[in-house]
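Two complexes, one shared chain (chain A), two partners (chain B, chain C).
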Partner chain A sequence: MNQQRLKILVSMVLVSICLVSTVNALGLGPLSLDVTIEKGKETDLIEYIGVLNPETKPIHVTATITGSIAEFVTVDPQEFDMPAGPGIGTGLPRPSQDVKVIFKMPREISENRYTGEIVFTQQPVEGGVLGTAVQLGVKVNLNIGKMATAEMPIYITGLTVVLIIFLIASIVVSIMRRYHE
Partner chain B sequence: MSKLFYGIWIYSVLCLILVFLYGYYTEMFETKLLNYNLSLWSVLIVNIVLAIFSIISLKGPKLLPILGIIVVPISTYLFYASWTELSYVYLAGFIVIPIILLSVATIMKFYEKGSKQEVVPQRTIPTEPRTVTRKGMETNY
Partner chain C sequence: MKVLKLTLNQKKVVFFCLSIFIVIYLFIELSGLKSVFAQYAPVIQGTTANVSVSGFLEYINVTYYPVNFTGGGVGRNPGIIVQKYPQTYLIIDMTDNTNIAWDAYMSASDLIPVNGVGTPISPIRMTVWSDCDGGVQLPATTLNYNLIKLCEDIGFNRNFNLYFNLSIPVGQYNNTYYGNLTIYVNSSDASPGEGSNRTWYGPDNTTVKIIQHIEFWWNAATTPIDFATLTPGIGFTSPSANATGPSAGFPANMTVGDNTNIYTDIYIKGTDLFGLSGMALGTFNITIGIPPSPGNLTYSNATSSATWPSTIKFVNYTYQAPGPTYQGDFTNWHHVPNYTDVPSFWNISIPTLAKQGSYGGDVTAKAVDESTAP
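Showing the complex of A and B:
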């Protein structure tokens, strides 16, 4: 019985070690982006994703966009190098890079929801121990909300009011003249 | 004049509706329909109304009908440009046109009616029927 418990404990420790090593391969935050934009309006929106290097060796990261969001979303920079980090548990700040996610939505869109993923690939670098590429993705949900309303400038509102006043005034003048006849 | 006055009034109301539609991006100007240039067609229809009323009224005073015919293409261009180039300056120009037309039409209507009222009707003085007496002629000296 005790031997079985020991086996379970050892396997749990092994699994957690495996998980820790996977998570620490590349630090990303946030892990999902939910964006809602108004329908029928050109929208330029910028969000940021933070990328951390917890490794003690320099890494090269490439960002690619997959899914239906690909036609509207771009990232800047698409590729970048990150210096070696201090490692886990040192308490020192790890090297980070902010990646700009640009949503450029045209007025004419057909769907009500676009989904996809921004995949960050950690490429092996020369001189590093890392042999295989590691990928981590940020899920992106792009929701098309209610119809946009134009924020009209004050002079347009003013001119509209003047037009309404003129319409009323002209009818009043017409009725008065007819009455006097 | 009366036809054109009401024509301009209807045109102004239609312009106002177009401005409200523009402001709220209703279904009319929505995405898929934009492919058919609905903004252009809608403003063309509105301006054709003005053009028809202007042409009909050409027999009377010429100023307002000619002004109406001139502003038709300008108004169409301004609204279409405001939609395609997303510029409110063009939209402002589009709103100014019915304001000008309406003010000119109202002033003209006011003075047209006013001048008729100022005309003093000729009073006919009732005269007694003249009787020709031929007394003198009948007298014989």
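Showing the complex of A and C:
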């Protein structure tokens, strides 16, 4: 019995738990990007995401890319500071930061659908242990389509048809001459 | 052939006459009498033609329209100020037959949403200004339904650039909007009647596309979410504590901001707690209760500490299965039932044999388009 009590006393060491938190805020749009790129074509495509700060203090934002799109997609800037905004409920314009989303597709990529998300996380500019964070994300659907087929100009097509007709006609005429001989 | 032969006397007379002529000629040339004689010379006179050219304004010439605020991407977020794109200005001048200086005015209509979904954007959200190219420059001004003077005395062969800003209203619904633009020119030097003023109409010449936007605000607290000092649990009787009070992270309000223009869902998740002191304290799970195995950190949307439900301590109590209009919970993400102004209480239970020390961790909240995965 005494041993049991001792175990209890030993295990009752103090544990302090602290989740550091501050005000967190973030605005974001668009919420999705749907991109289709032709297979077999080395492509550099750029889209833009707007990040807004509604909070009345500067914020620090980081962007991370998740999912199968991460192989082909980069963002610029990946990490940035934003000045203080007017505050929620004021109805005033917010400071915004355009983030460039770059799709860099190699020629040899296979026909497929790649998905993922560009996640923006707001963190306080001041240092310290971050306890709470606000996240917003942009869903990305990247479709690699079939290889583009070049259309032949109409006059080339017409010329080809005429040549084929002449060729057939000449063969028919030569056969008929031999037949009459 | 007859040859005129003069006698000697005749030759003398001719010589004499020539000499007299030469002397008189030289006298007139050298004495200035030529100008005196000239005034008595007969003159051929014409009539005077008086021509009066009236002031005339021909046509207004506008380059680089429409006034497109959409930008080069998929559209614009609400609650920001944007410029015309891709060229930042219009060029306005008068065609060649204009021969007088002129004043320029402008008015604009509301920007109306396509299919009527969303509220119109008033023209007073648009600001214009110009250097007026040597004319009298007026201050930057907001547009209106009525004509507003932008420049005075623009030279007849000059043109000016006109710059535009649009302050997109906070929370403006995602849609494409179109509005009309009118430019009016007149001159005090113009003759009355046609040519004394001109108007250029630009139907649907102001446009902007607004995209979906979420604004999310978590006022967790200005102080840490604090559970003070706890003792480890023993067996199944883990001690627990609520984070309540202004010094312990209460209240934690999650708010979808007024710049949001779609319906949203809010989710939260937690990380493991780890030792802050750098000691090998190990970690323990505070994942916020994935049903059927709730974690250590729990959440309730009770409205006050007094109503904190003693029997409801785990997030899984509020778990809802996915349905036609409700996405439910996802792996590691727990749905926050109400999407706005949710006071949050936090409760933690300490596992048995947790080592002494200070622990910290993260809780992340995420807002998403309604019915999509976090």
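Just so we're on the same page, the second predicted complex is superposed on the first by the 118 of 181 C-alpha atoms of A that agree within 3 Å, B and C clash if a C-alpha of one lies under 4 Å from a C-alpha of the other, contacts with A are read in each partner's own complex, and residues count from 1 in each chain.
Definition applied: contacts are C-beta pairs under 8 Å (C-beta built on N, C-alpha and C of every residue); 3 or more make two chains touch, one makes a residue touch a chain.
The model shown is predicted, which means the values in this text are computed figures rather than measured ones.
Peer 1: In the superposed arrangement, which partner chain does A:Gln123 touch: chain B (first), chain C (second), both, or neither?
Peer 2: Once the two structures are laid over each other on A, A:Gln123 reaches no partner at all.
Peer 1: Touching A:Glu47 in the superposition: chain B (first), chain C (second), both, neither?
Peer 2: In the superposition, A:Glu47 contacts chain C only.
Peer 1: For A:Asn141, select first, second, both or neither according to whether it touches chain B, chain C, the two together, or no partner.
Peer 2: neither
Peer 1: By the touch definition at the top of the document, which applies to A:Ser96: first (chain B), second (chain C), both, or neither?
Peer 2: A:Ser96 sits against chain C, while chain B stays out of touch.
Peer 1: Go through the superposed model and pick first if A:Leu167 touches only chain B, second if only chain C, both, or neither.
Peer 2: Only chain B is touched by A:Leu167; chain C is not.
Peer 1: Using the superposition on chain A described above, determine whether A:Ile109 touches chain B (first), chain C (second), both, or neither.
Peer 2: first
Peer 1: Check the residue A:Thr64 against both partner chains and state whether it touches chain B (first), chain C (second), both, or neither.
Peer 2: In the superposed model, A:Thr64 contacts neither chain B nor chain C.
Peer 1: Pick one for A:Tyr155: touches chain B only (first), chain C only (second), both, or neither.
Peer 2: In the superposition, A:Tyr155 contacts chain B only.
Peer 1: Which chain, chain B or chain C, is in touch with more residues of chain A?
Peer 2: After superposition, C is the partner touching more of chain A.
Peer 1: Pick out the shared contact residues on chain A: the ones touching chain B in one complex and chain C in the other.
Peer 2: In the superposed arrangement, which is not itself an observed complex, chain A uses no residue for both chain B and chain C.
Peer 1: Which part of chain A faces chain C closely enough to touch in the complex?
Peer 2: 8, 11-33, 47-48, 50, 52, 54-55, 88-89, 91-94, 96, 121, 129-137, 139
Peer 1: Using the touch definition up top, name the residues of chain C that touch chain A in the complex.
Peer 2: 71-81, 167-170, 211-232, 234, 243, 249, 252, 255, 257-259, 262, 273, 276, 346, 348, 350, 352-369, 372, 374
Peer 1: State the interface residues of chain B toward chain A in the complex, per the touch definition above.
Peer 2: Residue list for chain B touching chain A: 5, 9, 12-13, 15-16, 19, 22-26, 29-32, 34-35, 86, 88, 91-92, 95-96, 98-99, 102-103, 105-106, 109-110, 113-114, 117.
Peer 1: Of all residues in chain A, which touch chain B in the complex?
Peer 2: Residue positions touching the partner: 39-42, 107-110, 147-150, 152-153, 155-156, 159-160, 162-164, 166-167, 169-171, 173-174, 177, 180-181.
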